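Chains: A, B, C, D and E, in written order; residue numbering restarts at 1 for each.
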Amino acid sequence: MIDWMGSLQILAVPLLLTVSMLVLVFADLLLPAAAQPKGNQGPLSFRDLRKAQAEPVPGVQRADILGWIALVQLALCLAASFVAPQGVLPGGSYVHDAMAVLMERVLLVAGILAILGAFGHVRQSFARRQGEFYALLQCSLVGMTLLAGTRDLLLLVVAFELMGIPLYVLATFAKTDKNAAGDATPGRKSAEAGMKFYLVGALSSAITLYGVSLLYGLSGSTHIADLARIPSSPLLQVASALVVAGFGFKLGLAPFQFWIPDTYEGAPTPVVSFFSVAPKIAGLLALTQILLGGLLGHLQLWLPGLVGMSVVTMTAGNLLALPQLHLKRLLANSGVAQMGTMLIGVFAAATLGAKGHGLSALLFYFIAYLAANTGLFLVIETLAHDGSEPSERDLIASLSGLNRRSPGLALAALVCLLSLAGIPFAVGFWAKLYVFLAAWEAGYAWLVLVAVGVSVIGLFYYLRVARSMYLGEPRVTTPVRSPLTLSVAVTACALATAGLGLYPSVIVEATRTAAAAWLH
Amino acid sequence: MSAFTLTRVDAALLCCAAPLLSFLILGLTPALRRTGRIAGYVSIAFAGLSTLYAASLLQGRMFAAASPPDIGQVGWLYAGGKLVASMGVQVDGISASMLVVVTVVALCVQVFSLGYLHDEPPAALGRYYTWHSLFLFSMLGLVVAPNALQLFLCWELVGLASYLLIGFYFKKPSAGQAAVKAFWVTKFADIGLGAGLLVLYVFTGTFDWSPQAVQLLGATGAAWTAGLFFLAVMGKSAQFPLHIWLPDAMEGPTPVSALLHAATMVAAGVYLIVRTYPIFQAAPGVLVFMTFLGAWTALFASIIACSQNDIKKVLAYSTAAQLGYMVSALGAGELWPGYFHLVTHAAFKALLFLGAGALIHAVHSNNLQDMGGLWPKLKISGTAFIIGAMALAGVPGFAGFFSKDAILDVLLERHLFAPWIALLAAAGLTAFYMTRVVMLALFGKPGHHTEHAHESPPSMLAPLVLLAIAALTLGFAGTSLATAAGHEYAFHLSTSGLIASSLALLGIGVGWLAYGKNAFVPGKIPAFAFVQGIVESSAVDRSFAWSYRVVFQGVSGGVAWFDRYIIDGFMNFSAWLTQMAGERLRAAQTGRVVDYLYAVVAGLLLLAAAGFWR
Amino acid sequence: MPTQAYLLLSAALFCLGIYGVLTRRNAIGVLVAIELMANAVNINLVAFSRVWGSLTGQAFTLFSLALTVSEVVVGLAIVILLYRAHQSVLTDSASEMKG
Amino acid sequence: MAAQIAFGLIAACMLSAGLLAVTSKNLVHSVLWLAVSLVATAALYVTLSAPFLAAMQIMLYTGGVITLMLFGVMLTDHRHDVGVLNASTRRLPGILAAGAVFGVLASAMLGVGMPAAPAQFDSSTAKLGALLFADHLVAFEALSVLLLAAMLGAIVLARRHDA
Amino acid sequence: MTGHLLDLCVAAPAFAALLLLFVPGKHLTAVRLISLAGALVHLAAAIAIAVSYNRATGGVQMVSSHAIVPSLGIALTFGVDGWGVPLLLLTATILTVGVFASWGLADRARDFFVLLLVLTSGVAGVFVSLDLFVFFLAYEIAVLPMYLLIAIWGTSNKVAPGGPFKFTWKMLDIGGKEYAAMKLTLMLLIGSALILAAMLAMYVEAGKHSFDLRVLGTIHYSPFLQSAGFIALWLGFGSLAGVWPFHTWSPDGHAAAPTAVSMLHAGVLMKLGAFGVIRIGMVLLPEGARQWAWLVGSVAMINIVYGALSAMSQKDLKYIIAYSSVSHMGVVMLGAATLNINGWNGAIFQMVAHGLMTGLFFALVGLVYGRAHSRWVPGMGGFANAMPIVAVCFTVASLSSLGLPGLAGFVAEFLVFLGAWQAGQPIWALAGLVGAFITAVYVLRTSRTIFWGDGPSHDFHDLTDAHGTEWVALGVLVAALIVLGVWPRLALDFIDVATGDYLPAVAGKTLEALR
């Protein structure tokens, strides 16, 4: 007899998210036209938008109603994650354990930050599609939250796609650009970004699926735990290579990372702030599930390749970020390097398992990365809102003299930058340290040395951004104006980055509990 | 003993403290310092106090010659709770007599300076006396030092005072150069003293020069220590080839030359040998070297002195020569003659310099050619100068005669013939060039500079008179001085004494013929001209200049270039390389999605291959 | 039939797909090739389902079908958008962002 | 024997259609060749005792995907009537890459022993349904969300007149 | 009551910085006064620590601990030892003086003081932290603000292209202040990376799940870790201490930095590097230290002579002083390499002495530069006529730098050279003495060129002597130099206690044998 109520409770968060998504879609449909933004009779001209932007306090507006609904929904889901019981779904395809709970919360926070950051952008660029925008975001979140607890290849694949497909759409969401005259033109960059993202993604998902199909064929079961039964064979090796390669796309490991800078550059910034973090976290978690939960016995099949990939990824990411003048491209490549570093945590966990800190270090890194990376992308978004010249939008130059214009914003950005660079008293430092410590304990001293070595390159470009903020001459001296919600999100990220840097033990303990639960 | 009686240690401390106090008062109260003359009075008062204490100490030692030295010290450096070095005072016959010499000469010079420098702006005068106080304190500290470390400390401080006082006319570029040169040369030599101290400590665990320490040193240690110490002595006491700074140091005011660069500071090198004599005695090789080097310096410097036209330079070279005498004597293996010459030399050389100062003061020029015929106008100063000159020349009865005689005697006694002959030659030359100076300056044809010359004020005359008396009488005090210092000395007319006196008289005679009677022109005598030519080429000076310019600056320039363009260049190159790597790698990001798809497939293949190659 | 036959067939189809993906310039052509790859996956799944005598593989295939379809749907929408923005569906035509 | 022949035919058909699909110079032809390949796959499913899947394959793919793709072709290129250009470039690197992947896959596949298929295989649609809605219910629901998302996404992207 | 003195000492500057964040930048007086207050509280706390430290018992005192990450064994543990006391006092002095020296700064003064104070907290944190991790954190905090401090308030220099790497000039803007700041930061952070690696290795091998220095100090590490870890720590910390050839950030960095920053950086920060080598590298990895002492000492020897020779050829005043710092830090490292009491005492004493001396130097350079608007030494002359106090102070600093007795530099150098000779390395000591001589050559020449002679020429209009706060700054440093030179036991008695605590284990001998 299946305990339906129990199952529903276990699945509370994904379910609630699904419901939220549906509510949002219907709300979008049913919302009276009056609640829609003014320019809903045809294409919104940018002149109107400028007027709307000129309003003194860009606070809560009726036009943002769907956004607020989505936000409240996510907050409710976050609350639900505190009451949803832990347990195993009948059939064992989904386990809601401490780690799943923790990751759910992290992902939901990522979603909340993205929505907070998106208000202004949505109103400005795709006001009429905001229902779909938030709904797709939530769809993706459903997939991610499922990924956090899945123990079944089938569910994993579906959740993975559920996470990914809405992101293709979101990356392409900016269907219009503003040309020099201020008129709307078809969004060339966004389309290009979406196309690249999609094509590489589709190829990768085919590769992943092929690998998964082989894994299924070898084990005869879709349970990840059953993968451990497979005898070692070349086919298993190829299958794991296929899976890793497929995930490599989502995680942005070299050489699967080329789409990342192009897509980040072209996609709407709030979306980038979301999909530069959340899917990577969820993807790495899923990969970890497969590798550690299923293929741990076949370490020698996948570990060498993955280790090599992590080295290449860290190096390539840092080197590619070095010459970038475009902030989003810079962050994209730096994110690649960060993922390479995160992988080290997986190796540590693979080698030492419950004895080491690998997994909890990985989880900690997720959180650190979320705070800092999202924060920075939202700073970019804030600046894009400030009516900067389209020619220099998102360039490092647009940050020039930020400290003189808005010291608070500059400080927030600085904190996040330092965190990404792994400078002490920002949470990123603890994350790196924790991962390195775990890896060192697991015997990956050389890898740590490599990681530390290439991260020095990272300092160079992070400092260059800081330099621009603090040393550059501002083009205008007025403070940066930004929607209140965006400021709240940026502040939250910066505070989290700094606060957790000062007092990391809360999170460390949480991740340890979570990791311990997963490792039994 | 009454309650007011000071112990000798206290007296020595007070003796040192008085000038220190003066230095602090003047240094810390600019208002007082800038009054000039009042600052001078303060300094003189404290120097006088010092002199009194010094005199009392000497007097005390006279009657306690046999008693062990009075030592008082406090711990200064510790290592692991164990004493490494201490500071304090050691009063014995040597230091007590030296204290008197130093304080008396210093007092004389300070008083003399009041008159000599009366044209200086008050602020400069105040500065002058401040440095003088500093010097006096340092010198006294050196004299009473109970161990080699304190001696070294004060040694360097007197060097500092010398630097500051040479550079008194700091606006004159030549003065600045001379000050810096003096510091450089002595600092270079002090590498030896520093290293010697280290050797001393490493071997013995103390900086003492006690017999026990010498025993611990052993032959090797003693040789190293003495050799290194002697390097420092060469610098401070202007021995060849490190004498080059001394003539330049004459850029300082003449009283300074009298005090530092004739009577006391330059003698510190000799004093160092005297104090650490047990160590030197354990290093026979060094002693031999000292004998020969001292003799050579004496001869060499005397030759140069013959052709100098600057009255102070003559005296400066003569100082180097006389220090050569002392060094040579100490190298011969007996302490007292060298030290005795130090004391007498202090008196008559200070007298000579102050006398020269009086002459210069009168004509406002250092140049002998500008003087001449001053005798009628400067009877007292002139007399004093002549007394000094005779003392220096070693005319029997004058102070220099006794000490020089003792030196020559001891050399002969030890069968060190070559140095002995060199020193005899030098004695003759000394008499010659002093006669030359006296003839040219006092008795020659009056020039236009001499027209307005007039006798010095009493503040300048009094010291002259005092020192002249000392130069006349000190020779006869030798015995009691030696007794106080625990040595034996009695004058007896010896062979070398007779030869030396005859040579001196010969020198005077030749000098009188050449410059008094103008019987012949020395420059026209081929041998003399030849030697003069060599000397005036100043080969030593120029080789030093060359090594500074070429070796030093060349090497440092090379190092700086290497640092900037090779080491730093390499750092820059690494940064450049990384950035270029980034730029090049960027080319892989073509922007065409097909290439990205290829990358995916390639990555897949690599991953699969990674397993196969395992 | 030996299982390997099905596997090789699917591998061949998969590689045809890869070939297509790598050589096609038209975005829709690339989609076609990706469909072939997805199809190869399905063959695998069904064959394994038969091998293991369990229906899980078939169920998996159903999911895979649906995934592919939804992917194509979104893909085509993106291609249309690309066409609107760049007046071309050639993948090379959109290569403004690089480096 | 019949099974082998059937497999051979189907495989030949599938691969040649696939080859044409990725080489044909006309995009429409390409799509149609894909359809042929997919239909052949459906036939293969039948031989693998998965008739329901075969039906789904034809319905979903041929009915859905192919139609969509044709729509896509028409919506995107109006310049030519039927012959939509679909040139291939850089064939040799493509062949090399694909061949290498095939080499890796094939060698791995031949090197592994798979259990022989059981003679009997009960593949009733009812059981499949039970499996779908019991064991894989969550995945199924997730799939439905996914389809909704894809629909939403496709609409929102393809819709013309909005900002 | 003494329990929180350390916390106060470390936190006071940071708290002042925090306060400053709430003061509008245009209220210059408030900004200055708050900074000064922070510095003075810091100084007072340091003095109180010195007074309450019990030299008789020695060891680490006033220990307080708050866990930060218990599961990793990271705790905010503070405690002060005999080395910490004088170094804290040095830090506080330099900070106070630095605040005075920057009194006139008006351009973004608030930001400047915030960074300066934060940096000082980091420095103090290093000196008193008993947790390796916190040590590292504090170290980084001390290093990082330097980037902005130099890049914003610094000055650019011209460096003529040349040498085999000439082609790098175009890309790197060599000589610019941002170049200097970036170079400094990158090189020091590369060093930090090495430190981090060694730290992790020690933590893991110890297996105690603790970063407590007292715990880690009891572990006997494997020979490989001893050896490799020590090298990593030496180079890592050494890059901050200016160990050759990783000193090249120093000349450019110091030349570009504003006055107070140069003072703090050369005066205190470089000491952190040397302190790290001794306190972490040597004390925790004694076998490594013994194994590599020859290398450390030999490189230090190169530092001394090479730095001095490089300084000789410089024409820019700041470069001269910066290279002299490279040379003098060599003395510290040389002392460390001796592994005997005198050497170590000398090394720590040299940290203090050089801190005061170079602080004074940079304060003076700032003064001269501020008035003359030039650092080109050959162009100067006769400045003593216009600025006698500056001339006197410069002379004092020069003399301390060349090791003149009676000034602090002498005691330090002498002890170090003594230690070197005792360690059986007369060559080290001789190189040191030669270095002191070369130093004499260039500092005296420099001082003569700038201050002596007739002048100043008409190019310099507004040369005025030090006044007001500047006077205080100079006076304090000169007095400290003289007092420590005359009576070194003020600092040495503290230093000696800690040396006695740590050295026997490192040298592998009893204290008795070491004496």
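We adopt the following convention: contacts are C-beta pairs under 8 Å (C-beta built on N, C-alpha and C of every residue); 3 or more make two chains touch, one makes a residue touch a chain.
Just so we're clear, the structure is a prediction, and the values are computed from it rather than from any experiment.
Under the contact definition stated at the top, the chains bordering both chain A and chain C are B, D. The count of contacting C-beta pairs peaks for the chain pair C-D.
The central chain here, found by comparing per-chain C-alpha centres with the mean of all protein C-alpha atoms, is E. Distance from the centre of chain A peaks at B, each centre being the average of the chain's Cα atoms. The most distant chain from chain D is B, comparing centres defined as mean Cα coordinates. Each chain gets a centre from the mean of its Cα atoms; for chain B and chain D, those two points are 102 Å apart. Averaging Cα coordinates per chain places chain A and chain B 78 Å apart.
The distance from the centre of chain D to the centre of chain E, with each centre set as the mean of the Cα atoms, comes to 70 Å. One simple way to say how far apart two chains are is to compare their mean CA positions; for chain C and chain E this gives 64 Å.
In chain B, the residues that reach two or more other chains under the touch definition are 575, 579, 586, 589, 591, 593-594, 597-598, 601-602, 604, 608, 612.
The set of chain A residues touching two or more other chains comprises 154, 158, 161, 165, 168-169, 172, 175, 195-196, 199, 203, 207, 217, 234, 237-238, 261-262, 323, 460.
Counting partners per residue, chain D has 89-90, 93, 97-98, 101, 104-105, 108-109, 114, 135-136, 139, 143, 146, 149-150, 153-155, 157 as the residues that reach two or more other chains.
Of all possible chain pairings, those that touch are A-B, A-C, A-D, A-E, B-C, B-D, B-E, C-D.
Of all residues in chain A, those touching chain E in their complex are 357, 403, 418, 423-425, 430, 433-434, 436-437, 440-441, 445, 448-449, 452-453, 455-456, 459-460, 463, 466-467, 470-471, 503-505, 508-509, 512. Of all residues in chain C, those touching chain D in their complex are 1-9, 11-20, 22-26, 28-29, 31-33, 35-36, 39, 42-43, 46-47, 49-53, 55-56, 58-59, 61-63, 65-74, 76-81, 83, 89. Those residues of chain B that touch chain E in the complex are listed here as 75-82, 84, 152-154, 156-157, 160, 163, 167, 170-173, 175-177, 179-180, 183-184, 187-188, 190-191, 194-195, 197-199, 201-202, 552-553, 555-557, 559-561, 563-573, 575-576, 579. For chain C in complex with chain A, the residues that touch the partner chain are 7, 14, 17, 21, 27, 30-31, 34, 37-38, 40-41, 44-45, 47-48, 51-52, 54, 56-57, 59-60, 63-64, 67, 70-71, 74-75, 77-79, 81-82, 84-86, 91, 94-99.
Interface residues of chain C, counted against chain B in their complex, comprise 18, 21-22, 25, 30, 91-92, 94-99.
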